[in-house]
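The first chain written gets the first letter, and so on, giving A, B, C and D; residue counts start at 1 in each chain.
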């Protein structure tokens, strides 16, 4: 059962994981912008390379505790899909996961700022609001939800670290919005006026279309895998029976 | 049995998968050309990085439903190789898969255009026709067919997501034509006058040599794995028994 | 048991592995700086690409003999966590591993220098000392320890080659210090006045904060996986029963 | 038994595989030099990205038939290590593999030339001869041999596609010679006066030090895995029982 872990430990894992994800995104963005000043595409290549690898590692690390959601819309969809079969997150879990993800995301941005000798907090001045960017966030989030719940529904959630890392690495490029796809990470990225930042005033728009994307993705899951809810315990990656101290 | 899914759902998966593949190819091409204006090689590196990861993820996502062909010549060869053993796609499947792939491919190009704030459709003006490019497409498609049917014939089709993604990532570079290797994707790419586009007048030539490449690849499979047809159910990736709702 | 191998062979594996890791880091740094003179970010991308792949391969290669620690703080933490359960390295092992790692690291830098036609030894003049860099080393090392011991504690240490390679590839970018995270490698890198070098006078500071990071990481492991010590035999990657000559 | 395949089919697989490997190396080198004219490092990054992915795919494809040696020194060492236990290649196999590899390598260079609209053959004018380059080839080949035979000796040869691809991708960077590490590929690369070429007069020197590297690597294998010979059937990747037509 995914409830074998106390809620505090799962929330801690979500906070640390989301935080370090933002540290990876923001930190590698700062390094890229500083070291490759003359080509923004090269900066994004560096940023996406680091994020794809780092996200995979973070899901591997925290998955056994909390499932490695790191994303409020993933946690909400997991609760929604599993609510009838008694699988997935409980309402209580969700109410612990989401605040932990948001607080972690903010902390992660601050950590990145400090590691690069910047002020702890600097509000991003990068405005990101336009219809085509919102379409980008919708596509990015729908694809993420479809991927995650498909892997669980087909018994392959142990591939999630690699698959989700690869997805985000690609989505940085194929979506116009560079695929934030995550309200907690979006909030965190408002706290750093650097390459990966987003102006606070742009956060609500991005979050709204991330929610819309999550709904689209959930609808696709329901059409393609009608019984997906039964596998909600394995989202993003299996986290049952995995805390026994030793291998085999 | 691969027939456990209704045909409409398999066709939907092929349409969505092929469409999103074109979205990845075209979308990341637009981003690359815009962000790295001074080095075409860097653009192709960004484009191939995104495509390799994105294609792997799409095969993981839609494979359990339809096998994740996303490619008319793959579907046709699968039917051909399995026709004697009663494995692989039926003629009815093929007649649903191929239109879905083509419609999906066009839709994916339109989605990419819209995500980047371009007109929904702009015919590509990039002419691609020359003997050495046709040789490139022949090699690219032969290699793809050989890879896919070898994995199935040797019981390793569960590696197809990673392997096919890696193959296309490499083939962008080692073939002179940047490895379209797929008539449905080629048609879709005609609908976007951007980095990854191909002029409509160049589409028939590319498609013709993709078919020739598929024949070459099928001949190689027949020589190297005489009994490959018996494994045609597992092409591109296994899609039998995978829709039970939960993991073990 | 991990003690099935004689200590000399395990120490040899640690020396060769740590040495070749430094050869990869320093050698690819020399190539990157020489071939991409106009963009330091591109140099780091090349360096991190080579290091991620090379480190994964070295863990695969030497893991079955010694566990592929290649890092004094990993060996020390492994001894510490396993001391009560009689798992992990013995004090005798540690006293063989750490000197082998340091000697190997120095040898690896010399080999890289010689392969590129440089003097065998040239002391690095790259000063790396600042509070934010020390924070970077702390984060980098804490994350490495958390990853390695989480994989062991959850029976997934066979994923360590890929995971540790990916982690370092990302950490080159998201930490301000480019993630040395390893006292033996840090010492080795002092012996080459090239891209990846570190001035000898900066080594003690880096090593000190690597130790602090290891303590932070160990504390996180203790909080998240209270019974982690029982799996200390599988660190970094399983090295028990793996020297039988043949596969099944 | 690895002898279940007729020799002609194994030799065909070696010829095709080595040929396509040279096509990948030379073809992606031509593309890189043409598309990224202003940064040689970026060219090598593109070349190494394509080679790492392409080599992994080729080992996956041809491995089940012949083991995917693609390299005379690998075949020779495999025969040598297995000669006492009756495992690995027979002398007859070796005398079929090596000519096939060389002929394939030449054919692959010609195919790459033709795909890019060049003359079928143009002797390379890139002289590569210096002591430090020879040291590079020695290290590159020793590491390759150690990796391949370690994986077999420890029952993990099914990881060879990924591991050998990653190794070469890294070794392009950490060795001064860009890691040819293969006499057949070296000969093939003499037939193309492009990025990846090598002057015919430099071939014997490279081949000589590749042989020396193979001897060093074999010695390391003997020290670290005394019973490695018993697993010689699984080199580079398992090729026994894998031609049954279908997956389970």
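Going forward, contacts are C-beta pairs under 8 Å (C-beta built on N, C-alpha and C of every residue); 3 or more make two chains touch, one makes a residue touch a chain.
The structure displayed is predicted, hence computed values, not measured ones.
Participant: Give me the chains shared as neighbours by chain A and chain B.
Facilitator: Common neighbours, chain A/chain B: none found.
Participant: Measuring between Cα centroids, what's the chain most distant from chain D?
Facilitator: Result for max centroid distance from chain D is chain A.
Participant: Just how much do you need to spin chain B so its Cα atoms sit on those of chain D, in degrees to the nearest 5?
Facilitator: Rotation angle, to the nearest 5: 90 degrees.
Participant: More than half overlap in residue numbers between the two sides of the chain A-chain C interface, or less? Answer same or different.
Facilitator: Comparing the two copies, chain A and chain C contact each other through largely different residue numbers, since under half are shared.
Participant: Roughly how far is chain C from chain D, centre to centre by C-alpha average, rounded to an integer in Å?
Facilitator: 28
Participant: Taking each chain's centre as the mean of its CA atoms, how far is chain B from chain C in angstrom?
Facilitator: 40
Participant: Which residues does chain C have that touch at least 2 chains other than itself?
Facilitator: Residue numbers touching two or more other chains: 39, 42-43, 45, 49.
Participant: Please classify the inter-chain touch graph. Allowed labels: line, ring, star, complete, other.
Facilitator: ring
Participant: Write out all the pairs of touching chains, ordered by chain label.
Facilitator: Chain-chain contacts present: A-B, A-C, B-D, C-D.
Participant: What residues on chain A touch chain C, complex-wise?
Facilitator: 9, 12-13, 16, 20, 23-25, 27-28, 31-32, 34-36, 38-39, 42-43, 45-47, 49-51, 53-54, 56-57, 60-61, 64-65, 111-112, 114-117, 165, 242-248
Participant: Given the complex with chain D, which residues does chain B contribute to the contact?
Facilitator: Touching chain D: residues 39-42, 44-45, 48-49, 52, 130-132, 135-136, 139, 143, 146-147, 150-157, 159, 163, 166-167, 169-176, 220, 223-225, 227-231, 233-234, 238 of chain B.
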